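Labels for the chains are A, B, C and D, by order of writing; each one numbers its residues from 1.
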Amino acid sequence: MSFLNYLISGVSLGSIYAIIALGYTMVYGIAKMLNFAHGDVIMIGTYFAYFATTSHSLPPAIAVIAAMLCCTILGVVIEFLAYRPLRGATSLAVLITAIGVSFFLQNFALIRWGSSPKNFPSLVPFDKVSLFGGDLIISGEAITTMLACIFVMIGLSFFIKKNKLGKAMRAVSEDREAAQLMGINVNYTIAMTFAIGSALAGIAGVLLCSMYPTLSPTTGAMPGIKAFTAAVFGGIGSIPGAMLGGILLGMIEIFSRAYISTQLSDAIVFAVLIVVLLVRPTGLLGKKIREKV
Amino acid sequence: MNRGAVNSFVNYGLVLAFYLIVQILRANGDLSRAFQAQLVPICVYIIMAISLNLVVGISGELSLGHAAFMSVGAFTGVVVSTMLVDSVASTPLRLAISILVGGIAAGIAGIFIGIPVLRLHGDYLAIVTLAFGEIIKNILNTVYVGLDSTGLHYGMTSINELGMDSAGKTIINGPMGAMGIDKASTFTAAIIMVLITLFAIQNMIRSRSGRAIMAIRDNRIAAEASGLNVMKYKMMAFVTAAAFAGMAGVLYALNYSTVVPKKFDFNTSILVLVFVVLGGLGNLRGSMIATAVLIILPEMLREYQLYRMLIYSIILIVVMLITNNERAHAIKDRLVAIVEDYFKKILAPIFRRKGGAK
Amino acid sequence: MGNQIENKEERIPILETVDLGIDFGGLTAVDNFNISIKNVEIAGLIGPNGAGKTTVFNLLTKVYQPTRGKILLGGKDTASMNTVQMNRAGVARTFQNIRLFDTLTVEENVKIGLHNEIHYNWFDGVFRTARYWKHEKYAHERAMELLSIFDMQGMANQKAGSLPYGAQRRLEIVRALGTNPSVLLLDEPAAGMNPSETAELMENIRKIRDTFQIAIVLIEHDMSLVMNICEEIAVLNYGKIIAKGTPEEIQANPKVIEAYLGKQKEEA
Amino acid sequence: MKTTKIIALLMAIMMCVALVACGGNEAPPEEDNTEAATLDLGFIGPLTGPAALYGQTTLAGAKIAVEEINAMGGIQINLNPMDDEHDTEKAVNAYQQLQDWNADAIIGCVTSAPCNAVATEAFADRMFMLTPSASSTAVTEGRDNVYQLCFSDPNQGSASAQYIAEHALATKVAVIYNNADPYSTGIYQTFVDAAAEQGLEIVSTTTFTDDTNDFTVQIKEAQDNGAELVFLPIYYTPASMILKQANDMEYAPIFFGCDGLDGLLGIEGFDTALAEGVMLLTPFSADDPDAADFVAKYEEANGETPSQFAANGYDCVYAMYQAFTGAEIDYATLTSAEQCEALIAQFSSADFAVDGITGKSMTWEATGEVSKAPKAVVIQDGVYVGM
């Protein structure tokens, strides 16, 4: 029965990674940049949700929307101020700028909201479910997270396939110049990608802190790196890949902790990543790139 | 002498000038202790930046785990140095041996990590270097090393289980890292190491190997079609950089009485990467100057207390935007042109006179 | 010309393919490809766009591993060899979309071609031993000598990326020659050149063949160049050889005319 | 090419400015000697970065003590806080800055590894250090100038094992500790030895790192092995997550912790019902009537309940104050090295005792270790109750 318990917590942890990874992978697919500040956008959004529920006692649904809205605006502003001027610069320059933005957001939160962790109240209305006479207990947060993950995945797939903007995104990610020639507004499309990725970050933040209730200025950092790993694991740029990568990463993390070593679980997660990339150099679902000679 | 050679000698000159200025100021008692405390770290990070530039700038592979090699060197160096405390009386000699062994250990780690890593490309390569960095940090958190009369003991659980005799000395204590290190690093030693690093890497770049490494960066397929063993040269750059990072690690560890595995995490790797990118890819002098400035800057901002890291991050973003944005480039070029014109006007008569004399 | 005919009897095959083929996914790009290149000849590979000519070069240099068939170099099977080993065994090439080492100088580009003739190691390079100076001196002289083929000595210190288009194409040939090949594959060497440049190139290709005594295979769309200097021509269409022979035979071959005219019809 | 040159030039200029700015022993303005001299205390702790919480709360506590003392009108204390980012390199830089500032003595560092690095420098320079919360024994080992206000790690580990055994709280014990944290690992290591002596059976030992937020495995393992008590030698932030997840898993053993757990009730928004029955050995509890005044001031200034870090910071300043006034050390004219010897003499003397909010009549061994009685408290109805 422990196995099932671990499976559930692995999948729910992985679902959070997956939603964060979606933000990374969408931005990467379209802007070809690693947005290292993504984890910190999550943190800022979660603070907004926190103050919405505690200080202004707004209902959970409004708090989630507040977080998404805040993240969306933040994402678009960051894109406009810090990344857009660097369009055409080397990817490394953009990477370093993203790191600068990450520093900025963390230190801003530290000054604005202090270093003391806040206990994030769970915004999940359901109670836990007890199965097999109490041997398997699934928390409401875990159920919500998994459901949210599936919902986001389906919604995003439809959006990318059917919606005009979604199609534009695919076009820009395939070939930015060609898309521009076809009359697609590349800047607008990239900004919208940031908006959607960041809105997902808002959801991810609320779910993350509902499940693991500590909120501090560094809350987003490690989940950010893990999700980035998940995105690469699944094949960066691929939406189903981010999903698969996230969930697998969560499961590997929990299972290696349970059955191999709690001390070395992070090392094992990264070791699995390395092995996977050696077998499939562009991740699980990544497109094979054949260089034109 | 060609331009490359001139460039190299300017770099040596710059380092020596820095050394001399510091020594003169120090002799006059004009240097604050805070600045003196940063001298060795500055040199250490310069070595880190130069060696990372070999990977990122010269070889063109993004590495996010350079600090891992620093940590391998650092902890190896600490163990070696502790073992030699009694047998090698001369501190500089002990330091030199430790640096050498630490560099070799990091180089070996570089070989083991390079073999899988360098088969990948681009961002996938970057994430795997990050992964290796995290793995090494994670493992170092579980390493326990002690020294007693019977020799070296090591284990992965706790210091108590090493079975040392009562006089045993703990060298590495898991997450607590190495404590009670006999400090051996000095500014002079650090400057010598910077010069050695510059010497090795600059000469390497301007040799057959360096040419091959840059050719592979510029166009891998053409390099292969010209008969270059791509893996060999990528490895050469990666392992050389790892070895020098290891030496920097030894220098760093032996400059403090304690060093913890956590120090060499992702953030330190990123810090060094920032130096490299800001200094200019492939530009070793840029790396050196950017490192020195960015190490001193946060210390200068100390009076702003909490706001200093915020200011630091804003400066970082602004500098990146200015140096990489096309419009900013244009504005700057125009400003430079105006200043140049102005000086030309002022200096024109002088030059004319010179010409006339001829 | 007489000289060449005299040589013809001594000619032995240097590079041969046997039923060579490659598939990309389900698509067959090249199939049943059989040619035989003799040791000192100039051969041409022509065909409409997308016929698979460059793919053949990529197979011959092992940039792509063939799905079927064999490549024999000097009579030996090359199945286990990769791009680097093919080059060292004597196959050098240029690229359709120029692939120079843009940030290196012209001289350095040639020195990369000479790389495997320069024998000193990491240690010699770092410590500047006598070996380093000796071999670098040799490399410099040899590079200048090779550059003189195209009168490019004056450009030696320019960055390869900043050269004009024609000079870049010529530099690629020089670099390939540096690797001391027995077979030189030229992928559209005259692309983007004006008629007088093309004529000059034609002379130089002959000169290279005669001085270095090597086989040259070229892909080219400029029919006057191909018909003028090639002794053997193979025509490729949809990945298959549809005709082989001397320029005269090719010009008279109805299949070739159809392939080209058919293409024109489609375009119209 | 041109742009890189210009950047290089700009940076070189900045560098020169830096050299000049850092150069010169600028006399601190406090040394004017026109007014009454102040007691210049340096403070080193992590004010930014992942450990910012500990440094900032300690500093906030210390500031309250400084205000109180300055309000009394006698000695005026000037506290100069320096950020070490929980990093040895930055800590040594901070220390040297304080040296340039001519600090009389130093309160710090807040965390063990930086403290250890600074202590070496301070030992060589003869600068007195009183650390509020660096609890590793390595900090004081072999250094006569470094004193601790907090319990040392081994001390806490063995005291916990002893307390659990003596009060027969449990025989089967599980331990969850942070193996990337010196504090946690330090307590764990001595706890294991002491537990064996006391006849406690450790049925499950699991670890986590600073970045862990899912504790399912650790809790489940303790549960499956039938642990009646889970020992948590960790800080309160991860502990709050363990409590929530254990509650979700309907596992309710006794949770037993050390001073790091204090602060649990102070987390903004924490559901205190989760902490019901949690026991901890701590020198400080915010419900102690003696500390009521401090707690009120702290809450007013910072809007949150003080943790033991804040209390340690507060007591550190008072301990220093008492040492300086008790021994009548002339901080205005003596060098810091001379003050150091006087402070060592004072702290190690048998009749030097400090009544603080983290302990009544605290005294110090010559080794630098504090001796005070730990209080065992249990959380009932959201407040600490002494046991």
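The working rule: contacts are C-beta pairs under 8 Å (C-beta built on N, C-alpha and C of every residue); 3 or more make two chains touch, one makes a residue touch a chain.
Bear in mind the structure is a predicted one, so any value in this text is a computation, not a measurement.
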{"item": "Result of counting contacting C-beta pairs for B-C and A-B, higher pair", "value": "A-B"}
{"item": "Identity of the most central chain, Cα criterion", "value": "B"}
{"item": "Subunit A-subunit C separation of Cα centroids, rounded to whole Å", "value": "49"}
{"item": "Rounded Å distance, subunit A centre to subunit B centre (Cα mean)", "value": "32"}
{"item": "Distance between the centres, which are taken as Cα means, of subunit C and subunit B, whole angstrom", "value": "43"}
{"item": "Separation of mean Cα positions, subunit D and subunit A [Å, integer]", "value": "35"}
{"item": "Residues of subunit D whose C-beta touches two or more other chains", "value": "48, 179, 209"}
{"item": "Of all residues in subunit B, the ones touching two or more other chains", "value": "138, 141-142, 221, 306, 309, 323"}
{"item": "Subunit C: positions in contact with at least two other chains", "value": "63, 95"}
{"item": "Residues of subunit B that touch subunit D when the two form their complex", "value": "21, 25, 29-38, 41, 138, 141-142, 158-160, 174-177, 179-180, 183, 252, 256-263, 280, 283, 285-286, 289-290, 292-293, 296-297, 299-300, 302, 305-306, 308-309, 323, 329, 332-333, 336"}
{"item": "Contacting residues of subunit A [partner subunit B, same complex]", "value": "28, 34, 82, 85-86, 88-90, 92-93, 95-97, 99-101, 103-104, 107-108, 110-111, 225, 228-229, 232, 236, 263-264, 266-267, 270-271, 273-274, 277-278, 281-283, 291, 293"}
{"item": "Subunit A-facing residues of subunit D, complex", "value": "48, 50, 52-53, 55-57, 179, 206-211, 213-214, 216-218, 220-221, 224, 237-238, 240-241, 244, 248-250, 266-271, 304"}
{"item": "Complex interface listing, subunit A residues touching subunit D", "value": "2, 5-6, 9, 13, 50, 54, 107, 110, 114-121, 128, 130, 134, 137, 139, 208, 211-214, 216-218, 221-223, 253-254, 257-258, 262-263, 266"}
{"item": "Complex contacts: residues of subunit B adjacent to subunit A", "value": "56, 62, 116, 119-121, 123-124, 126-128, 130-132, 134-135, 138-139, 141-142, 221, 266, 270, 273-274, 277-278, 281, 306-307, 309-310, 312-314, 316-317, 320-321, 323-328"}
